[in-house]
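Each structure below is given as structure tokens.
Shared between the two complexes below is chain A, which pairs with chain B and chain C, respectively.
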Partner chain A sequence: MSASVNRIGWASVSPALLWTLVFFAAPFAAMALVSLSPKGEDGWSLAAYGQFFTNPSYWRALTNSLEVTLAVTVLSVLLAYPFAWILAFLVPERWQRLALMLAVLPFWTSYVVRSYSWLLVLAEKGVINASLTSLGILGEPVQLANTRMATVTGFVHFFVMLLTLTIYANLKQLSPNYRKAAADLGASGLQSFVHVILPLTLPGIMVGAFLTFVLAIGDYITPQILGGNNELLMPQLIMMQIGRRGDFASASALSLILMAVVTVAYLVCARWLKIERT
Partner chain B sequence: MRAAAYLYALAIYGFIFLPVAVLVLFSFQGTLFPIPPFNGPSLRWYAAVLSDARLTAGLVNSILVALLSSALATGLGFLAAWGFARFHLPGSALLRGIITLPLTVSYLIIGMGLLIFFNWIGFPKSLAAAGIGHVVINLPLCFAILYSQMGENQANIERAARDLGASEAKLLLLVTAPMMWPALFAAFFLSMTFSWDEFVISFLLTRFDTTLPVEIWNMLRAGLNPKTNAVGALVFGVSVVLAIVFELIAFRKRPQ
Partner chain C sequence: MTNARISRRLLGASVAALAFMASYAAAGAADLNALVWCDHSDPNLLKPFEDATGIKVNVKEFEGTGAGLAIVEQSQPGDWDVMVVDTVDVRRGVERGLFEPLPEDQLPIADIFPEVLMDQHSRFDGKRYGITEKFGYNTISFNKAKVNPADMQSLAVLGNDAYKGRVAIYDYYLPVIGLAAMAIGKKTADLTEADLPALKEVLLKMKANAKAVTDVVASQTALATGEADVLIGGGEWVTAGIARENPDLDFSIPEEGAVLWSQSLAMFKDSRNKDAALKFIQYILSPEGQARLATSSCYWGMPASKQAALSADQKKILRFDEQPAFLARAQGYPAPSEELDKKMQDLWTEMIQAQ
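And now, the complex of A and B:
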């Protein structure tokens, strides 16, 4: 490879590289620096990180986030897997594409609007409470919105669609021969599922679950609109630092802690996350 | 067994469509609140949306930011994908890793970093700032899509063009880009949808002129309101039309 040809190569890759360095790496470094110089203090200090361990409400936000995100991930996988299975194996071949497109259509609602729509359903005078009281099942409306359950519902709604897509693709890639072979060897339907299909689709499930975890734990909209301020999740706590208090050091420190949590989740799932280049 | 399975599928469809159905139904509400009982249909809230200057300005801003940031992300991603696929550059794997790194960081943290960085260098909050943020989140995606589609077959055609005397710029513009158009279209289109829907970066990096999702967010402070339903239903309609167009164009040639 001659020098002039390599120069063309460098010229074509450097704009993207520069962009990433200036608008991603540099802001990241700025955030790390800011997190080390807390508001109202001179010089460097780890105080912004220290308050995370000393202030119980900060620690609470992290455990809330982990609890909600884990619940969302598990529930979404459990709901989406049988659904994807039905779409892949029970729905006739020529209807499958339409069935799948319908299943992910609300995916296209705008993010903010999707959470708002759940508020319409769950509000005190919303659809569920209105129907249940008019049917006489409930004497008076119960609180559904502004609860953890509302946050989980909003999240699960979104991620069931996402996971249905990924698990469906996974199931369709399996050769039908696996099931036939298992049946030939005398496995019942359940045995063939537990010992053959499930292990084969596990990597795909893990990729989907990891994606769910990462997207859910960093989301501000859903908990803010549906969960309200009764209990805070990490993204809400971060936004609160810069909103009311203008405390960029705390916001930066909390953001970096959140990133560390995602990195740990990545390391836990890493053995399943070898994404193949097709 | 089969009946139970279909019943389950039906229940999941119900769960998936419930909020959207409620959103659209009560966008036609005739009275002041988008809650039962339904009084309608009425188009008064759609009229209210279309005559709301803030919302229409937000709409125009959103389209502008999505178009420009996606064009930039696709262009930068295309150049980089071509460079890495066609030339042996030292440290290529590491550099490619750096370009795709932002994919693993949540939007909130990217937005926070940019907010602090722009604050520090004195770059004002603006639509341009939000657009820069959207390029940051979409560039890795565009790069990954285009890099995976840079095949040997196209490299041979490029060699032929070079032998016939095409300059590198001409080659990229007149040979490589037209050959890659399905991938370019997919990258551009995906960027558009992500930018169109993005909230938190725009929220952090804009001030007075802002994008549609942020304007909708501002409307939520007023509580439940059929006007929010109407604008939500409109955005949903636009997104579905775009999705169908994408499906038709991107998969048209795939043999069934």
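And now, the complex of A and C:
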């Protein structure tokens, strides 16, 4: 490769490289250093990390986050796939654009407003409880808001839209010949789906699922508004360190631990489904 | 240079762009740049001052002293002129060398309820660094149509099973731990690590009865919508602003007492506009400023000055005339050491995580 080609290559990637250095690598390094300098101590130490492994409440925040995020991811996939399938194969071509627009309509409202709206729907005097009690199905209102279920509901509402888009795009790329070939070879509709369509759309599912996982596990707003703070997830625990005490070492350490979890999730997804091919 | 200092500088460097934007946003030299709580953003409070002095007040809101001090550390010296701070945290600004001594002879000190001046937290080496502007109580707020008001006169309500599933807890560990301390007969000022197991017992019992642990907005919403009938840690700051729409919302000062919250104004040592900063502090402490601050649209609270120009109706809602009796029973926020503070926050975390 000639020197000039090499220079052109560097010139092409340098804006992206600079962006990554300034807005990711440098803050990341700063955060790593801050995490090693515990509040109120002069020396370097791993104390901010140590508390995560020794304090069960901190560890619990991670398990809570993983439980909620996995539930959200699985439910979102299960709801989004049939939705995307209907959009891709059952809705007439000329209506698909409108249907897609309607599917993403909730994206147009503010995330915070949407979460508070869910709070009103799920509240003791909200739409669901009021309907069920007036129909006589419930004698007393039940607690729906301020629960983990409320957090999961708020998340799923958002991420079903995201997953629908990624899976729809994947389904539309599939040639109809795959299904025809499977049918010619005697496969039933179910067999064709399980053995042909599903494996071919798995990359799209996993890309959407990974995005869902990453965005949900780092989200502070939804669990804070809908979960009623009845349990802490990692982002809430991180915010708590900063609020009054300004303990940036603990907040940084917890953030890096969360980042490590996301990295592991990426490695698992990347190795299993080879995301880079999608 | 210590590691902590290096870390702070690195942190500062990493948010340099934000600091630049903040300083860019801070307008001309004649403007006043104020780091405030949401009650100071009310145009009804700021406009009369701006009209009278021609000084434009640029406000930036923050929650929590730690977050406020972080903004200051990430800014350029001189970016900020005044700051609202928990009175118990004035010391933190002084220890960092951020605050300017205030000229006491130019402030209406005599008008301020003596119980809320809290000199031990705002005067150091004979100099005053913070002046109380507003106060109130972290106590019990409730809907008197839904509860037995007599139950609200005792901190036994913290663990009263009769209200299981109808209680919300205000999500701020210091005042609620203070209430828990009073419930077991401890003084908030005397809390030590040895008290934590007994406090934990009260907090866990409280959580077992709670429907939610709520921030400021959610606390008000919970009471206003009937999602909760009792708010532990609430007070006039939750109920007074919505009392006209819902007269059943009230607060009590239990026989064991309540936790006194108090917010102060401080001036920055590096302020480029100290005259304007002092004028602003004087305005806030004036009878008119006090009335407007006390009834701010964000939250109501008791004015620090006995001379606040409140209407009779506003005084009734705030229970202004009962203050001497309330103050006699109130205790200050716990002011723990750094180490105990961390342990208290961890105890709070444990309470929230308890199922």
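Note that the second predicted complex is superposed on the first by the 246 of 278 C-alpha atoms of A that agree within 3 Å, B and C clash if a C-alpha of one lies under 4 Å from a C-alpha of the other, contacts with A are read in each partner's own complex, and residues count from 1 in each chain.
Methods note: contacts are C-beta pairs under 8 Å (C-beta built on N, C-alpha and C of every residue); 3 or more make two chains touch, one makes a residue touch a chain.
The shown structure was predicted, so the numbers you read here are calculated from the model rather than taken from an experiment.
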Report task. Classify the contacts of A:Gly228 with the two partner chains as first (chain B alone), second (chain C alone), both, or neither. Result -> second
Query raised in the report: In the superposed arrangement, does A:Phe248 touch chain B (first), chain C (second), both or neither?
Result: both
Query raised in the report: Which of the two partners, first being chain B and second being chain C, lies in contact with A:Ser37: first, second, both, or neither?
Result: second
Report summary line: The answer to whether chain B or chain C touches more of chain A is B
Requested in this report: With the two complexes superposed on chain A, say which partner A:Ala123 touches: chain B (first), chain C (second), both, or neither.
Outcome: both
Query raised in the report: Between chain B (first) and chain C (second), which, if any, makes contact with A:Asn146: first, second, both or neither?
Result: second
Query raised in the report: Regarding the shared-chain residue A:Tyr220, is it in contact with chain B (first), chain C (second), both, or neither?
Result: first
Report task. Would you check which partner chain A:Thr63 touches, where first means chain B only, second means chain C only, and both and neither mean what they say? Result -> neither
Report task. Pick one for A:Met240: touches chain B only (first), chain C only (second), both, or neither. Result -> second
Requested in this report: Using the touch definition from the top, say if A:Gln191 reaches chain B (first), chain C (second), both or neither.
Outcome: neither
Report summary line: Overlap of chain B and chain C contacts on chain A, residues 26-27, 30-31, 34, 119, 123, 125, 225, 242, 248
Query raised in the report: What residues on chain A touch chain C, complex-wise?
Result: 26-27, 29-31, 33-34, 36-37, 39-44, 51, 55-58, 60-61, 64, 119, 123-125, 143, 145-146, 224-225, 228-232, 237, 240, 242-249
Query raised in the report: Hey, which residues of chain A end up touching chain B in the complex?
Result: 1, 5-6, 8-13, 15-17, 19-21, 23-28, 30-31, 34, 79, 82-83, 86-87, 90-91, 101-103, 105-106, 108-114, 116-121, 123, 125-127, 130-131, 134, 157, 160-161, 214-215, 217-221, 225, 235, 238-239, 242, 248, 251-252, 255, 258-259, 262, 266, 277-278
Report task. Spell out the part of chain C that touches chain A in their complex, as residue ranges. Result -> 2-4, 6-7, 10-11, 13-14, 63-67, 69-70, 165, 171-174, 210-215, 218, 221, 225-227, 338-339, 341-342, 345-346, 349-350, 352-353, 355
Report task. Show which residues of chain B lie in contact with chain A when the two form their complex. Result -> 2, 5-6, 8-9, 12-13, 15-20, 22-23, 26, 33-37, 76-77, 79-80, 82-84, 86-89, 95, 98-99, 101-102, 104-110, 112-117, 119-120, 132-133, 135-136, 139, 143, 148, 168, 196-200, 204, 212-213, 216-217, 220, 224, 228-229, 231-232, 235-236, 239-240, 242-243, 247
